[in-house]
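My questions will all concern the structure given below.
By letter and in written order, the chains are A, B, C and D; residue numbering begins at 1 in each of them.
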Amino acid sequence: MPATSHDVMPDIELYQPTDEANALELASTLGSDGWLLGGGQDTYGWLKDRNKTPAAMIELTQIDAWKGVKEIPDGVEIGAVTTLSEIAKHPLIQSKFGLLATAASRVASPQIRNVGTLGGNVAQDARCWYYRRGLDCYRAGGNICYADSPEGLNREHAIFGASRCVAVSPSDTAPALVALDATMVVASSSGQRLIPAQDFFVGPARDIVNMTVLNEGEILTAVRLPNAWANAEFYFEKVADRNVWDFALVNIAAAIKVSGGAIEDARIVCGAVECTPRRLDAVENAIRGQQRSEQLAEQVASIATDGARPLNYNQFKVPLMQNLVKRAIRG
Amino acid sequence: MAYMHIGKDFVPPDVVGKVTGRIKYSEDYSREGMVYARLLTSPVPHGRVVNIDAAEALAMDGVFGILTADDVYPDGEPQSPGLKVLTNEPTLVGEPILAIAAIDEKTAETAMAKISLTIERLPFVLDPLDSLEAGGADAYTGGNTFVFREGFAQEKWTTDQVASFRSGNEPTAEAQQSWAYGDLEAGFASSDFIHETVFSTAGYPHMSMEPRSAMAYWENGKCYLHGTSQSLSAIAEEMAGIVGVPLEDFVFINEATGGGFGQRARAGSIPSMAIPAKLSQKINRPVMMRVTREEEFTIGGARQGLQGWIKVGFRANGTMAAMDLYCISDNGGKGGGGDANSAAAGVSALYQTEAMRFRNSSIGTNTGHRGAQRGPGENQIMAIMAPIMDKAAEQLGVDRLEIRKLNAAQNGDVSGQRSEPFTSAYMPEALELAAKQFGWEEKKGRARQTNGSKVRGFGIGQGYHNAGRSGMDGIIRLMPSGRLQIHNGVGNLGTYSYASTSRAAAEVLKMPWENCDVITGRTDRHLPITSPQDGSNSIFTNTRTCYGAAQDLLGKMKEIAAMDLGGNPADYDIDGARIHQIADNTVGMSYAEVAQRGMELGGKYTGEAELPEELNTLTQLSVSRLAGSALMGIYHDPRHNNNPPGFAVCLTEIELDKETGKFQILDMVNIAECGTVVHPQGLANQLRGGAVWGIGLSALERHLYDPQNGLPASSGFWQSKIPTYLDTPLNIGTGWVDLPDPENPVGARGIGEPSMGSVSAALNAAISDALGGHLFDAAPVTTDMIINHLADVSSKAVPLAQNNFRG
Amino acid sequence: MGEIVRYKRDVWGEEVILGVSWDLLWVIAVAVLVLLAANAIIMAALANKKMDKPSAEGRRVLRHETIDRLFHWVMAASVLALIATGIAPILGLRIAWLNLHWMAGLLLTFVVVFHIIRSFFWQDFKSMILGPKDFGEPFDSAKKPGKYSFEQKGMHWAVTVVVLAVIATGVTLFLQIDSPFWDRTNSMAEDTLGLMFLLHGLSTLALIALVATHIYFAIRPEKLFYTRSMLSGWISEDEMTANHDTSRWSPKEAD
Amino acid sequence: MNPKLTRRRFIKGVIASGAAVTSTSIWYAANGAERPAGSVERLIRINVNGQMRSVDVAPQETLASTLRYKLGLTGTKLGCNRGECGACTVLVDDTPSYACSVLTHSVKSMRIETVEGLQSANGDLHPVQQAFVEELSPQCGYCTPGQVMAAVGLLRANPNPTREEAQQGMAGNICRCGSYDSYLNGVMRAAQIG
């Protein structure tokens, strides 16, 4: 019965490809033995704990083609290994897609943002502490959930879309990307596919082990933000216990297009309430064509949580989510 | 009184080492041939190790040996509470069972996986109330509580008694511990407002920044242990005993300690340091045991959670007439902790209630081991009390500041079980200073004002701790060079009191600080005994010893001067590092000369004769080793009279967002009433640091143990929720009353702990104020609790459960 | 990798059963294929020697009542749905399988209970009893069965055992997840839970083998009339007399 | 067959049988897989505090590990080894980073600065260090090297921060003693000293 306090990195190979083809080939060859390494901020804990034991790491941050922010015909493309700090401070992102700049600036801590990448932030693994402790729960390939039970500690867990596993999407940038209708550029040695941000994330009903639809050998290389949502009216807010490091109890990202005083279109997304960023279609539908106002906010907030199924200790997420929706609509 | 050093800032000798990274903590040392130890810890909350098969691990290349509880306790583990060095009877997850030494940490960890450990699982419990219930599991083998001199025992209530308490009623079971004064019934009978409630406060880990790593090696029969502590000399003798080496063959090295907060004060709270010592002895190599954050969580101690019932009565004018307090203390996995008693003493001291009854039962749970943590007891109960004071003020129509002044401790007041008088007490002055500095009169009208979803809340908090001891020893030496060496065993953990208390000696001898050396950092520099640097006592206790030793030295200097230059010792005074005749200051000797003369004379002047009686063993050893080396001042401090209190007052203004449950602290001042100020910068640091701790207690920090299996969730910083830069105010105002205490030669009393209680109280009161006077009767009050309250969501969480604190 | 059981560590690090090794799926698949292929070859070899197929024309007798046929097909559908949804995640298909799985499982449980009750009171229970003398049947071509042949009885009882095992373990596992009817609890010890998963997995594997065999025989040319009877209810008198001992089975005429 | 399940089971099997995965060569042998070429070379030269240092670095080694145990730069502290406290903060190309959560190989071509590299050749303290001394910013001192490096990084990017900006910039460093206010005083003073 080995139960040790692991704390140092075990032996693992490291590959540092500098060109795309090499990286994709490594990813394909190594398959599940290869761990894709962005900034590594969600990696080293797993490895030090020996709770994940890949044979090799493939570092993606040496590939210049996957770094940086550039304009493309229909918007902006952000390399997947661009750091969160760079995104938060980038003039183009700040001026056109301030929602993402704000979201990126609220991730974890300055040092983590300095190293952590956009790709890593959206592809990070669940933060359920049972899972992080290395327990063999559903998400780890086991047959039980320790959080979803009458006594389980589930204050931080899902109020929507649970299926055996009740972990939530921990990312702050993911809701912003869904709200901005981003497209995820996914490459593999056999080609490239484009996935709408909303479809990039997967819940436990469909895949209880992974949080994204990335297959083995696939790498998220870039994120494209369409001009369609540039300079919309944005709202981002993250509510967490501590204002540094902590993951959101609930966060919200909203992009609202207003013309002639009325809401023309809106995309509103909440994080940390479901295993994937949760798009609030019903709320969006309810506010389209309406004036942005306190009254409207009050009216539609409760729609946001229709169908919520809180666990024992996370009922607060229901009113909190409603309040954040109010704030997003109120503007 | 005009002092040369007291009340002045200075550059403590270690601070440059801290900003340059040159100062060494135990893990920063290395030694030729050093190997690395890792701990195999208990996977279960309660069990018995049946077998350890390490053959395969030991056969690995680069593995040097293991140490088990059988090695440490060949005659069996002592059946007593408290952490063991290693154990075969773990009572919490993560308790060290064995250590393995290898060429590097990675190899040790890999070897660990090859050890086959067979553990018999035993029933476990996480909530004292579950254990009290008939049929509930007991945390320890042999019971759920420990009776002094009798051993482990079982304490059970009836199911109805537990259920009744859980549903909010006064416990009816007989308490293990109780005391009372005054006429409680008459007090309540004369009360115009009575508040009665159950409450709970969470336990949480100390989480010092430096994990309690240790390195040890043996040389010529001596054990050299690089460790961490709050006091080098207070820990040394007991630590030598745990290692199993005579005190004279034990060298404890501890230049700097990365935070203590109560759990590095005594060897018994940090026995893990003996692991590298024992392992090094066994495998004959230096052993470094780096302790991980998770291990620090487990063996680093935790505050006790309190579940309780409180009833307070106030007269129409606002005076507190009666207080009845019943606590169930969570004694955790290893027993220990006296928070409830301190809590009761604290409310008695701060609110001067006319009649009081205190009852408590301490019950074990299979959670982190408990022990003193910064203001144990007082700081939890103040967070519960402050909103109740406000409620009383509101109900009785008394100003919130006035009701506190009305009940405040003053000179001549008494407190606690034995109605012990204070040495001095200036709480009304502290309240007034805080109100003035904060601008209470101008600001208080803003209370409960709203701005959109935000609402203002104000809080006034008071903190208390008994803050001074005596009976320790002092050693100072006047060197032939004329320099003053002040031997000080107080640990260097960030209060700088090892240096600031030393300045009492410099003060007596009017010695420029640059001519003084504080001798500390390792016991073979020959230190006198000090009280453990806990209980906010250092500034009081060790200014007494340093002052006393300096007086002894001064006396000897005068004798020597009189001997050589004529007249009586009383005819001499000192000035400018010279001793001279009062009548003619040209007749005198330099300090260097008097020191040289002292060395020629020897005997009592150099510590070779006429030593004070009652010197502690360690001090005697140190003196014997220093004897003859300089002109020495040696002192044994007699006992002081009465209770030296440390008081603090905090006023704060917050803006709470009713939609997010988050609040921002807009303004905060934290004021000390701790006698004469010895070191302003150090005191300000204590007031600011205490504030951050108070914020943690009131809003963020709590143990999380999974009730299903006893696993800790808060073993890292991720879930321990230490307040960060952005959870604390941009500025914390500080100030002090600065009136001398008669029982201390420089007038000083301690402050470290009260400086936190004032803030935990003020913040909880401010949250309550912002929410229209709602009482949570709990600490911490977390974001989710605020949202649930505002949304009228009743959480299914058991209100009195503190370990699984609201999930 | 040849293991039958997968293990995991329980919450305290002790090894417990996690479930069946799904590698066995391939073992079962190969075994069934080999067996059925062997059967097909033998049957092909024997085919020449066989008499002509009995005619499906002429008088029709009732073999399966409508309600029983309905039961059979509902059960078949639910079993296939259960197998498909159960295997999907093992194959790495990303579909939301669990709700479909337990719904199909509930349906199966319901119809099986229905069938059990009906078989006791409204069906000719005896016709399905597998007695010691039935075991002589395959070795004596002169011996003809009553309503059900030895193989049919064997298949029925094998499926009965396996389906009951799948249902029993399945219901236990169903209780371990959230459903519209209850919230899950962690009331089952992890080793018991693992044992349930193992039994569920093993019985699933057996069921897959049986289903494959059953389907194979259902589509064998010489048995196809039984399949037709499960659709339409009747067999011809010719088919009856060729395959059954009418003294032991005298069905009424079909409508 | 889902390869993840296979692999996981394999790991469990290995651990259960007591033969933990100790090296990748064993891993690949067991898996029957070829190790792709191009893994990092261990012997590298890194620029630490302006000096090129040759050092043997394992592929998985963290920068904190290299600094503390290979180069003897023990000023960089390990408070949590998980990127959750900031005690190990160093500058990598002027950017504050957690040395416990960065691989040495990832930064081998960058400039690494630790608390030991701040003092000038004549022994003068860096303005941040000087200001921290004057304000008595440290308490126990264990987080101080990290706070110093975060402050140096902050002031290089923003030489005249407001107190709020300083607070934001320093936010990735925990001080359990709660000396935040004193550190902020130090940062503001350091900005003045320049």
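In this text, contacts are C-beta pairs under 8 Å (C-beta built on N, C-alpha and C of every residue); 3 or more make two chains touch, one makes a residue touch a chain.
Just so you know, these numbers come straight off a predicted model, no measurement behind them.
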Most widely separated chain from subunit A, with each centre as the mean of CA atoms: C
Contact-richer chain pair [A-B vs B-C]: A-B
Centre-of-Cα separation between subunit D and subunit C, whole angstrom: 62
Distance between the centres, which are taken as Cα means, of subunit B and subunit A, whole angstrom: 41
Mean-CA-position distance for subunit C and subunit B (Å): 70
Centre-of-Cα separation between subunit D and subunit B, whole angstrom: 30
Numbers and ranges of subunit B residues touching at least 2 other chains: 43, 110, 113-114, 116, 290, 292-293, 708-709, 711, 717-718, 723-726
Touching two or more other chains - residues of subunit C: 8-9, 11-15, 89, 186
Numbers and ranges of subunit A residues touching at least 2 other chains: 1-3, 7-11, 141, 146, 149, 151-152, 243-245
Subunit A to subunit D touching residues, read off their complex: 2, 7-17, 22, 25-26, 29-33, 40-41, 44-45, 47-48, 53, 55-57, 59, 61, 85, 108-112, 114-115, 140-141, 209, 216, 243-245
Subunit A residues touching subunit B - in the complex, by the definition given at the top: 1-11, 50, 129-130, 133, 146, 149, 151-155, 237, 239, 241-246, 249, 312-316, 318-320, 323-324, 326-327
Partner subunit A, residues of subunit D touching it in the complex: 3-5, 7-8, 11, 15, 21-24, 27-28, 31, 33, 35-36, 38-40, 58-62, 65, 81-84, 86, 89, 95-98, 100-103, 105-106, 150, 168-169, 171-172
In the complex, subunit D residues that touch subunit B: 15, 18-20, 22, 72-82, 84-85, 87, 114-116, 118-119, 125, 128-129, 132-133, 135-145, 148, 163-164, 167-168, 170-171, 173-182, 184
Subunit C-touching residues of subunit B, taken from the complex the two chains share: 43-44, 121, 708-709, 711
